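Read through the structures below before going on.
In what follows, subunit A forms one complex with subunit B and a second complex with subunit C.
Let's turn to the complex of A and B:
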């Protein structure tokens, strides 16, 4: 692992020790965050699975009812009937947060009836079909929201995992290695200083003895 | 809080019913027309765009960076009249795989 290029002195050693401690703490926090994200993520996935089942079943029903209604009139008549829908629909978008991840939350708002077509030219089944569609919409919106949350959480999980790995396998090892390096270098300097002292001392002693 | 709309792209039969309840509808004659309709869509107006699976499939292949990851509108693949081909589910499964790095078999199945 690459050692960080610093001067081996006591000042740097202290600094690096502090940095290692911080990095380790950050690593632990991020790891906890990852675990919690994962938990939320799995919950969302389960929820989205069952919701999608419900939506697809209901949608198939709506399509069937609509097809039956359609079969009683020509395509042109259907087009004409639906050309100017009087119903409007608004989506309110609010920001929510899951574990600090910003996710949009949708609320649906209907206004106006859907009786935009002549009652004489359209079959009764039409009304039933449209009722189906209207019931379906909130489910669809909920599904879109959950699937979007899954998407956003997945991105966040990936990011967090990358950070955790960078700390665990790159930053912390290299910090630790640098700390060892500086410690060893300092010890080495100390030893060489001591031998120097001993040498000087012995030279002095010899001189004293030679003088008699 | 913003007021936005809901749009849908798909074949006539799939879209018609939704149109009546107030969804902005964009009809494609065939899934191949999907990319052109997608490009022309005033996307900033919509919070959610529902796309039928056949069209979604073509868009996935032909439009780069589709669907956009973090911004609105949220794209939702729904089955067309012809029935579900499991695309929406597959998309989620792919995300799960990417996030977890692996998928434990059967975890996503019902």
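Let's turn to the complex of A and C:
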């Protein structure tokens, strides 16, 4: 692991020790955040799975009914019947937060009936098909919201994991190595200083002995 | 030859058989009970002799039960091959999309109308009975486009009696609009809801068909037009309830002229389903239709209602086939061709959308030829 290029002195050692402690605390916090994000992520995955099954089933149903209704009239008659829609959909977007991640939340409100066509000669299966599509639309929006949340959480999880890994496998080890290095260096310096002192002391003692 | 027999009894006045004359038979069996007022003078009906002769040949080349069964079971490619055995197949060669199927079938129907128009005697209104549908459709498209101030989408060109240009001119200048489209337009443009606009035009369409049937002076066709009005009205009543419409909406939209009086239909509004069926008990068929409309499965009830309703009309049309000469066999043939186009479209589009054969079979209409 690469050591940080610093002067091996006590000041740096203290600074690095402080940084190591902060890095470790940050690592723990990020690890906890990652665990919670994963928990939320898995919950959303499960929710989206069941919602997707429901949407696919409903979509197949709506598609079948609409195909039957559509086959009873020509393309031109379908175009005419649905040319001027009378229903409106009001879609409101709000911001919500999941573990600090900003995610959009959609609220929908229908107004007006979906039946914008003549009731005397159009196939009655139109009503059933459009009713299915009307029920399907909020489900599709909910699914889109959940799948978007999953995507945003996945990005956040990836970012957090990269940070955790960077702390765990790069920063903390290099800080620890640098701290060890400085400690060793300081010890070495201290030993060298002590040896020098001992040498000076022994030289002084020899000089005194020679005089005396 | 005198109408009086040897014993001095007029069999026409007195009854067909001695048993009947002696009062032993109270009522004629159904196959003898012909309303003679309904039979036209022979000289009138012979005008249609050539056209009837022609359709008797063409009827042999229509979709029949065996072909239909094969079509339902086949995949899309094989269905096109089966259709090659009848004239409609020529118009569908190489079709791979729903739009191409539609185009082919519209072209086929256009040729059916054109060939029949050639064979019909002058002054016959029967073609207008079928073709006015397309004019009313185009009128709806043009009125909706004018409402939205957009380009019209979904116009059917080359079909109809008055033509698209006349309708376009009429929408821009109401004085130039031919009747009955002018009356329909004058009433419809006052509405702001696209649904009311559509339903009002449809109302005028059904009423105009009844008028044309009256002009053609065929009791069978008049009955058909009246039954169509009844079915449209029943649809209106059911849908108005399902879609929570006001009674006023129903009152304005119900078409007058059917067998079931409008007052009776309005009387059904707001009733629970079983009460609606009971009120229509006098007419067994409509009562049964109402029961279908209240079945548990919404999809089944809605598709079944249309299917059973059209089957009822087809039963009437099949009855007309037995008339040897006159406008009725022509009417039956044209209606049968429209029904054939509808069945072919339903099968092919269902095949394109991978709908299983049993679901297709459930929604198919009765055939004209067994």
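The criterion applied here is as follows: the second predicted complex is superposed on the first by the 209 of 212 C-alpha atoms of A that agree within 3 Å, B and C clash if a C-alpha of one lies under 4 Å from a C-alpha of the other, contacts with A are read in each partner's own complex, and residues count from 1 in each chain.
The rule is simple: contacts are C-beta pairs under 8 Å (C-beta built on N, C-alpha and C of every residue); 3 or more make two chains touch, one makes a residue touch a chain.
Small disclaimer: the values here were computed from a predicted structure and weren't measured.
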Superposed partners subunit B and subunit C on subunit A - clash or fit: fit
Looking at the overlay, does A:124 come into contact with subunit B only (first), subunit C only (second), both, or neither? second
On the A-aligned overlay, A:76 touches which partner chain: subunit B = first, subunit C = second, or both, or neither? second
Subunit A contact check, subunit B vs subunit C, more residues touched by chain B
Could you look at A:63 and tell me whether it touches subunit B, subunit C, both or neither (first, second, both, neither)? both
Touch test for A:106: subunit B only (first), subunit C only (second), both, or neither? first
So after the superposition, what angle do subunit B and subunit C open up at subunit A's Cα centre, nearest 10 degrees? 20
Between subunit B and subunit C, whom does A:88 touch in the aligned arrangement: first, second, both, or neither? first
By the touch definition at the top of the document, which applies to A:193: first (subunit B), second (subunit C), both, or neither? neither
Overlaying both structures gives a minimum C-alpha distance between subunit B and subunit C, in Å, of 5
Subunit A residues contacting subunit B in one complex and subunit C in the other 63, 67, 70, 75, 78-79, 81, 85, 116-117
Quick one: in the complex, what on subunit B touches subunit A? 1-6, 12-14, 16-23, 47-48, 50, 69-70, 72, 74, 76, 78-79, 81, 83-84, 88-89, 91-92, 95-96, 98-101, 108, 110
So in the complex, the part of subunit A that touches subunit B is made up of which residues? 38, 41, 45, 48-50, 52-53, 55-56, 59-60, 62-63, 66-67, 70, 75, 78-79, 81-82, 85, 87-94, 104, 106, 108, 110-112, 114, 116-117, 129-130, 132-134, 137, 140-141, 143-145, 147-148, 150-155, 157-158, 161
Residue numbers on subunit A that touch subunit C, as the complex places them: 61, 63-65, 67-72, 74-81, 83-86, 113, 115-125, 127-128, 131
Going by the contact rule set out above, which residues of subunit C touch subunit A in the complex? 98-99, 102, 105-106, 137, 140-141, 144-145, 147-148, 153-156, 193-195, 198-199, 201-203, 205-206, 232-233, 235-236, 238-240, 242-243, 253, 255, 298-299, 302-303, 305-306, 342, 345-346, 348-350, 353, 355, 359, 363
